[in-house]
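These are the structures, in structure tokens.
Each of the two complexes below includes chain A, the first together with chain B, the second together with chain C.
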Partner chain A sequence: MASSSSSSKTGLKKMLTLKSSDGDEFELEESIVIQCQTIKHMVEDGFSLIPLQNVDTKTLTKIIEYMKKHAEKTESNKEEIKNFNKEFVKGSFDDQFELVSAANYLHINGLMDLLCQSIADRINNKSVRAVREIFNISNDYTPDEEEKVRDEHKWAHEGGEFDESLD
Partner chain B sequence: MSFKSIVRELREMKDGIGNISRRGEEGRNWRNRAQSHIAPDVASFEPSEQGQWANIPPELLLHIIRRVEESETTWPARTAVLFCASVCKSWREVTKEIVRTPEECGRLTFSISLKQPGPRESPVHCFIKRSRDNSVYRLYFGLTPLIVCLVASVKMYLVYLIDKSSFISSNFLGTKFTLYDSQPPSDASIQERSPHSRRFRAKQENASFSSIQEGGTAPTPTSFPQSVGEKASLPSVSDAKETANDVCPRESLVVKNKAPRWHEQLQCWCLNFKGRVTVASVKNFQLVAAVDPSHNIPAEEQEKVIIQFGKIGKDIFTMDYRYPLSAFQAFAICLSSFDTKPACE
Partner chain C sequence: MKKKQNTKAKENPNLSQPQIPQTKKNASSIHKMKRFEKILENPDQENAGTVVVSANCSLIVAPLKNKQKTKAKAIQEYAIAESLPQELITKIFQRSATKIILRFLAVSKKWMYELTSANFIYTHLSTSPNAILTRYLLRDRNYYLQK
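Let's look at the complex of A and B:
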């Protein structure tokens, strides 16, 4: 136990291995990985090889990229991190789903916030039809129910231009 | 017919619906689609058709919709929140969980929030536009029309039709106006006038007297009544009185005109509308609760303007209301003061 705390001070950093659902392994410093609450708890329980059943290699690569950048966060590079975040959320909706699900599963709060806000911003001015299509949700209302729902929001549908695009 | 072919046919039907909705603006198509005989929920036969987003965990959806709700606080941008509620049933539940009442957050969201009490501290600022040529009054919140009221004449009475189940009618002299709102128990006389004074009486459950007492609450409807008839029939005024007295034993909230101050320099009576009213008019008013001294309502609460109404231009007026009145009740009170009957000042 004593060796792990002293080694991080002397420069010999403790390494952890993350294994994606595709079987790829990534070796990372513990200090980076503990941004993720789920892994932090596993480390505390003594694991050093961490299998992530729900996260594929593509998503894990992105998440590691995020964690590495955010581990460098200091007072002076706020602007840089901001730009990084901006670029980071520029994927397709499908990529974002993978990422946000993984962030939720891994409990990386900062990443969750970033992604949820980005998705919220992207659907903000979309029409109902566009949202359904983007999220691939089928309309489960009967026509009667839909009319009732419509009635509850009468004023929202009068006039106004809504974004019908799917990106 | 084999199961496979049924599934194929259903899928084609679903695609067909998709095509309909692609034509033109969403808003205009809603009604058409709603009346079509094709049930859109056929997709439930095929859960595998739903994509990964459809299986989004509710807590994640909650995070996303909460952010939409928090970032869009004004109209018409707030439409985004209602769109989230229209997507499907699970989205609707999540959205309803997030959206709070106007009393709690000071914002209007679903149509029902027009019938919920306004915020306790800062009033909601609306305005009313009058079209003289077709006798239509519109209540706006920002640029969004909230309620449209048509004025019609039924026999010798003026009737203000607000929506398919609510209307205001006056008696012959124009000394009493009654608001009928969807369900019989919530009838309320909203204005009684004598040549020298006006009394506004909100006998609606919503604005009972106790609601302004310390710690008091005004009941907040959370949904519209389910069984609203196509057209509400016109009950007579006497009927309404009986119903109101029978069903609403609670002391009703009575509001009165705020007393104006004498302005020495201008040599006239003035009310402070805090810049929201710019044109002098006999129609301008501010109302405060009329309370009995025995009820121990703090003086500060008694001075609080519950609703103010005033002219800012030709055919345009501001209406600011707050708890315990709802937008709907406030609008009704204002409409009753537009009327020009022999008994009106």
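Let's look at the complex of A and C:
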């Protein structure tokens, strides 16, 4: 039943092509892609082939997976989407950062919220040193300065062991 | 990262130079390239790694064909790590509790600057109403920026 109704609609559905920075093309229905504000504006301007210079194939595949799933969001499958989201944010930090950059560039608000929240949750219990590694930040404090900053907020550095792992 | 670059330095003079056409137009880029090779060969320089990667795209990688892939990958990895802009880091920390933000002030001076900026504090305030952060950070900001 579902397939017959969708096939009768396909004649009306507008298809869009997304092109990743690696040159791979993905054809999608407009109704799916419209979640992404950047593309929505391009569609309104009449584009149907959309080159995404800042998004590689690997990231774009993940993002399309997300958009497809969330396009079928209804009242009844809330639990399913929740589980999907949980799985979606399980990758390495580097993958998550790539996704978050892409989501920011494409203006997919739901995905942005999901990723930022999951990254924030994952680093909650990390040590300062681990966070430097994860975000690739070089420590420009002198040991004395750092000691001073830590001393200023002693209570924030207390409260059990912090996680030194990088994943 | 640094190790990779040191090996690159050894390969570069042999592989890249014969392939460059000696036209007038290229003279300046060859000159530049030699300069970067010098940096490459000098591992003592603190910034050797960064200079090389940004320069690589146009000056050093281009003439090398067989090594191109691994280098391109290295550059890409570097670019990812380097390109998570402060804007996004801010967006992530907007969702963190006050205590966690205060702990990560010790990460670097740049983070101290960003996470105590008025902009960050007010947005954090609007997403998670918590007067403690405002009070703590505004005091700290004055303290650190006076120095």
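In this text, the second predicted complex is superposed on the first by the 153 of 167 C-alpha atoms of A that agree within 3 Å, B and C clash if a C-alpha of one lies under 4 Å from a C-alpha of the other, contacts with A are read in each partner's own complex, and residues count from 1 in each chain.
Methods note: a residue touches a chain if its C-beta (ideal position, glycine included) is under 8 Å from a C-beta of that chain, and two chains touch if they have at least 3 such contacts.
If you're wondering where the values come from, they're calculated on a predicted model, not measured in any experiment.
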item: Superposition on chain A - do chain B and chain C clash or fit; value: clash
item: First (chain B), second (chain C), both or neither touched by A:Val131; value: both
item: Which of chain B and chain C A:Cys116 touches, first, second, both or neither; value: both
item: Touched partner set for A:Val149, first chain B, second chain C, both or neither; value: both
item: Residue contacts with chain A in the superposition, chain B compared against chain C; value: B
item: First (chain B), second (chain C), both or neither touched by A:Glu25; value: neither
item: Stretch of chain C, among 3-11, 57-65 or 93-101, that runs into chain B once the two complexes are superposed; value: 93-101
item: Touching both chain C and chain B, counted on chain A across the two superposed complexes; value: 94, 97-98, 100-101, 104, 112, 116-117, 119-120, 123-124, 128, 131-132, 135-141, 146, 149-150, 152-153, 155-157, 159
item: Touching residues (chain side chain A, partner chain C) in the complex; value: 94, 97-98, 100-101, 104, 112, 116-117, 119-120, 123-124, 128, 131-132, 135-141, 146, 149-150, 152-153, 155-157, 159
item: Complex interface listing, chain A residues touching chain B; value: 93-94, 97-98, 100-101, 104, 112, 116-117, 119-121, 123-129, 131-132, 134-144, 146-147, 149-160, 162, 164
item: Chain A contact footprint on chain C (complex, rising order); value: 80-85, 87-89, 91-97, 99-100, 102-112, 136, 140, 143
item: In the complex, chain B residues that touch chain A; value: 14, 21-22, 26-27, 30-31, 33-36, 39-41, 43-44, 49-54, 56-57, 59-60, 63-65, 67-68, 71-72, 76-80, 82-89, 91-92, 110-112, 144-146, 224
